[in-house]
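After this come two complexes, each holding subunit A, first together with subunit B and then together with subunit C.
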Partner chain A sequence: MLLTAAEPWPENATLYQPLTEDQILLSDCASSLAVQAYLRMCGLPVQVVSRANAEYMSPSGKIPFIHVGNQVVSELGPIVQFTKAKGHSLSDGLDDVQRAEMKAYMELVNNMLLTAELYIQWCDDATAAEISRPRYSSPYSWPLSNILAYQKQWEVRRKMNAIGWGGKTLEQVYEDVSQCCQALSQRLGTQPYFFNKQPTELDALVFGHLFTILTTRLTNSELAERIKSYSNLLSFCKRIEQTYFEDKSS
Partner chain B sequence: MAAAMELRCWGGDWGLPSVHTESLIVLAYAKFSGAKVTVSPIDWTWKTLTAAVPELLCGETAVQEPTHILNFLRKQRFNADYELTARQGADTMAYIALLEEKLRPALLHTFWVDAENYTNLTRPWFASRSPFPLNFLVPSHHANTALSRILLTKGEAPLHRISEVEGKIYSDAKECLNLLSYRLGTADYFFGNSPTSLDAFVFGFVAPLHKARLPSGPLQSHLRLLDNLTRFCDTVLSVYFSSDHPCPSPPVQETVDANLQKLTQLVNKESNLIEKMDDNLRSSPQHKPHRPDPKHGLVSEKSSTPA
Partner chain C sequence: MGTVHARSLDALPMQGPELGFQADDIEAPETEPEPKQEVLENRDVVVQRVHIDGLGRTKEDLLTYEIAEVFRAKNLIDVMKMSHEARQKLLRLGIFRKVEVVIDTSQGEDALPNGLDVTFEVTELRRMTGSYSTMVGNNEGSMVLGLKLPNVFGRAEKLTFQFSYGTKETSYGLSFFKPQPGHFERNISLGVYKVTGQFPWSSLRETDRGISAELNFPLWKTNQTLKWEGVWRELGCLARTASFAVREESGHSLKSSLSHAMVIDTRNSSILPRKGGLLKIHQELAGYTGGDASFLKEDFEIQLNKPLFWDSVLSASLWGGLLLPIGDKPTSIADRFYLGGPTSIRGFSMYSMGPQSEGDYLGGEAYWAGGLHLYTPLPFRPSMGGFGDLFRTHFFVNAGNLCNLNYGEGPQAHLKKLAECIRWSYGLGIMLRLGNIARLELNYCIPMGVQSGDRICDGVQFGAGIRFL
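Up next, the complex of A and B:
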């Protein structure tokens, strides 16, 4: 019933993200890497294309988005559902309780890690001035660059205030990230993936965020240091990189 | 012992000790962990506008927000999570994140944004509990905060209208309730036989939805279909918040007893597993009946000869 209506995955599927060298920021890079990891785990080929206006092309305003056939889907959640409708899924083998756990841990990553990344990028004055604003507005000339950068910063700060992160200090945010990593580390234990032998979308999401944090240079490396203290998470990232992203480095 | 602790929170109605989610979480956790907390409702005082609710006052310190209050209580040795494993502690964090992301927007919408519920239930309740002239300010202030929170977190850039987000937040919330129901299964509490902080959070989120007399409640009707969640709320209410029964004592916090308990649990689990294997073996069609293995008789309660 599913496959008759859906077309098979085409060869020319593309994933759009902002410019890798100059423009993309930590949180967008993490989300994009998570989607790329997920598609590689499913064995679905996708071409990564960098565009300066990727954020505006996206149907929901969020990065990344994929263009498959004549459909455009953005963000990991909807993309997972989209691939499921085409018959590719990583979490079919899980029972109801495990699926509940998987969804809960994905929300934990979104709630803590992604929010912390956004906070550090836009609410920490040093990072915002040195890294985020220049990078975000690099494709545009003055005065548009200033306007867009400050608009984005204002938007993110409003959101942080609404969810109660506005009053947090940087130290508290680092502490939250540590706790989140501790929870992930304890859940992972000594297994190769979160649900033992097979990777799921949770593994893709965690990999995307942790790998990006470890390999991105910020004003200080406190965030990366906190993650490095959990050795099983480090080997988890390395394992996924070697298994699914091997051809990239060659 | 610890100084006397006072909790400022919204008052109760509809059979609940408090109608406010965060206050309920703290009240439930205090009961689970055996902390003696004096409850002082802020109803009919100016604190309805000025205080950040809930707030725990202990001597000189004032702590706000449920997570911080729970941490504070744990430091004061009122710990309902003492018997959790590290992995269960991680699961607690994950499920709380799930509640915050998926269920909270829909609850805010049901109580504060949905026009019928707001005008017929929420606003009159909060207005009647606030002194003049705050009864004009407090409900609309909360409603505006709720609406802006929903739009900022769930509304994507071009969709700044609430009607376009409603469908998504309600389907997310229904899925969240289903997931909680799967996780709870047939157990009384989420982890074992005694309630923990996760139970407090789930109770705080789900109980108002279960008990409030909402004029328009698609989410409430969905919750009514999930028997185990409604039974969970009723169990917590009858065991911990009923004025007739005394509260059960919180788990003993001595390390020796905890280790012994863990060992007993492990032995029981092993014996259950062995009994199950034995059952499977007996009911298997290829199995030829024979006398049970004597070494399994250590903890088996079944008689060794068939009737």
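Up next, the complex of A and C:
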């Protein structure tokens, strides 16, 4: 990172995400909640601001992004690096083996959970037509709303095809989610956090995704049901919500 | 160019066998040689037939309007004058490559002794023409490739496809132009286009995809334009280092606007006028026909020119504009006005005046700019009527201001704001006229009244363009 390490975390740090009521989709909400959880765990105050064009404001095109001082950083990975350069880190206490394990599990969540969320949002026709397209295009007027919604859908479907998810059925995706949750549940065991006593960025990421899936209404509740079958994950989510988000109403 | 031949009129006693004229020489009847003129003018003639030869796909009903005047000629000089005018009218339709006029005595059984036949021999343009040209805009240049289908359906409709690649903009577009038969100045244009522009002074990148429909018509002495435009605008940051204010404007928006423009132009040239004036008033209302953007935009342009002693010209110009947002959405950076540069207030960098954030200029919602110029021929007058004629020396004073509106304050506060902190500059330079299309300027400028945040270009400044303050 740059020489901004010397500057302390300012009071007016802001996190940008799409409009909460009408626009934001499951995957973006999950990513944003993960970053918010991470920053709360670090004890860094941040204000959440909703903008209709948040996706286009982001330097990488992905939600969320934070505006700190005069720096703009997007996505959890770079944000973790950024805070580390400022002297705040959650994974300092881990040894190399644990750190590698943490990275592997974070990859798992990104490759499985996030991709599954995107698949369900955009590749499942029912969800796309009833939820994703109307919400994504809500800030815009016709015909721009249709153009942008279909453009996004086409782009996500193309990406799904590129990574080999194009041919999957919804059932297979649910199965993948179940397997991912099983791996997470096994790693978590009876510990409060993934690396025993202290939360790390992995905890923030898992919380962001699982909590959002549990609390978002989709066309059917199959996805939430799959997660609910792992009780330790449920109590994990509740624990983090109560510890770090007690003032937040979900 | 074209030729008007008058064949010998056998019934007339004439001194010479033939009269040959160049059409361009016919300015007024007085140019004809005196003795013949008397004879000809006294002779009443009747135009019996007017033919147009060489028509392919052009429909005849379109042309009857243009040549109708010829029938009204009462004597030979009138016939020549009317045919010349009709020839000009036919050429301005843009569908003929060449038009020649032939005036002959009437032949045939029903020929009157003083009857005349006028024939226009036309050569139509090819069905499809390609063109490659370079274009000069305001401080930018571009290469333009064009494909034109003139006279598509036979009534002077024109279909044009244009691709332009320039220093600041890349664009392509398709447009369809249709004049009203008989009233060429009344026409309708439909277009669809995509323009990508880069604006380094704002660190902004803009892509516009739009469709437009435009109606032009003359009204008394003015030229009016009514236009509807629907544009999908995409804004983005030009660099990672763009200011956050510009980053906040990124994204998509839809603008659907109705606009009206009125132009009165009595100047003899738009690039280097010697006399006359220009008044242009333009207003745009967005948001009432759909779209996200909602505003009312007014701007005007006035220019007056007065020739003085020794071939010099005094020119005064005034520009102004106002952008009023309707509703509670703030205005977009793409709609605001920009000021400064070699084509507006000289001595300041291009569009680098007014509200800014971290070095990126955000434009303003209200502005005014005025200029006073004295153009004189080059001091040493290299060659009268030669290359030296294209140059002028140029003394100028420019002033102006650009600011944002502060809602809640009344119009008085805004006027006061525009009147304080005026930026102005003065200087002198040399100007070169490029045909009737563009002009180049090389000026030595001294900017004054510079406010913090403005970027100046004091000293030598070069400018090229078509519209200068």
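Everything that follows uses one rule, which is that the second predicted complex is superposed on the first by the 243 of 250 C-alpha atoms of A that agree within 3 Å, B and C clash if a C-alpha of one lies under 4 Å from a C-alpha of the other, contacts with A are read in each partner's own complex, and residues count from 1 in each chain.
Here is the rule we use: a contact is a pair of C-beta atoms (placed from the backbone, for glycine too) under 8 Å apart; a residue touches a chain by one contact, two chains touch by 3 or more.
Quick caveat, the model's predicted, so the values are computed rather than measured.
After the alignment on subunit A, I want to confirm one thing: do subunit B and subunit C clash, or do they fit together?
fit
I'd like to know which partner A:Ala52 touches here: subunit B for first, subunit C for second, both or neither.
second
Specify the angle subtended at the CA centre of subunit A by the CA centres of subunit B and subunit C, expressed in degrees to the nearest 10.
110
Is A:Leu214 touching anything from subunit B or subunit C once the two structures are fitted on A? First, second, both or neither.
After superposition on chain A, A:Leu214 lies in contact with neither partner.
In the superposed arrangement, which partner chain does A:Cys180 touch: subunit B (first), subunit C (second), both, or neither?
A:Cys180: touches subunit B, not subunit C.
When the two structures are laid over each other on chain A, which of subunit B and subunit C touches more residues of subunit A?
Subunit A has more residues touched by B than by the other partner.
By the touch definition at the top of the document, which applies to A:His67: first (subunit B), second (subunit C), both, or neither?
second
First (subunit B), second (subunit C), both or neither: which does A:Leu148 touch?
A:Leu148 sits against subunit C, while subunit B stays out of touch.
Once both structures are aligned on chain A, how many angstrom separate the closest C-alpha atoms of subunit B and subunit C?
In the combined three-chain model, subunit B comes within 10 Å of subunit C at the C-alpha level.
Find the residues of subunit A that appear in the contact set with subunit B and again in the contact set with subunit C.
In the superposed arrangement, which is not itself an observed complex, subunit A uses no residue for both subunit B and subunit C.
Help me check something: in the complex, which residues belonging to subunit A touch subunit C?
Residues 51-53, 55-57, 59, 67, 70, 72, 140-144, 147-148 of subunit A touch subunit C in their complex.
For the complex, which residues does subunit B have touching subunit A?
65, 86-87, 89-91, 93-95, 97-98, 100-102, 148-149, 152-153, 156-158, 175, 179-180, 182-183, 185
Show me the residue ranges of subunit A that touch subunit B in the complex, using the header's touch definition.
60-62, 96-97, 99-101, 103-105, 107-108, 110-112, 158-159, 162-164, 179-180, 182-184, 186-187, 189
What residues on subunit C touch subunit A, complex-wise?
232, 235-237, 240, 244, 247-248, 250-254, 290-292, 358
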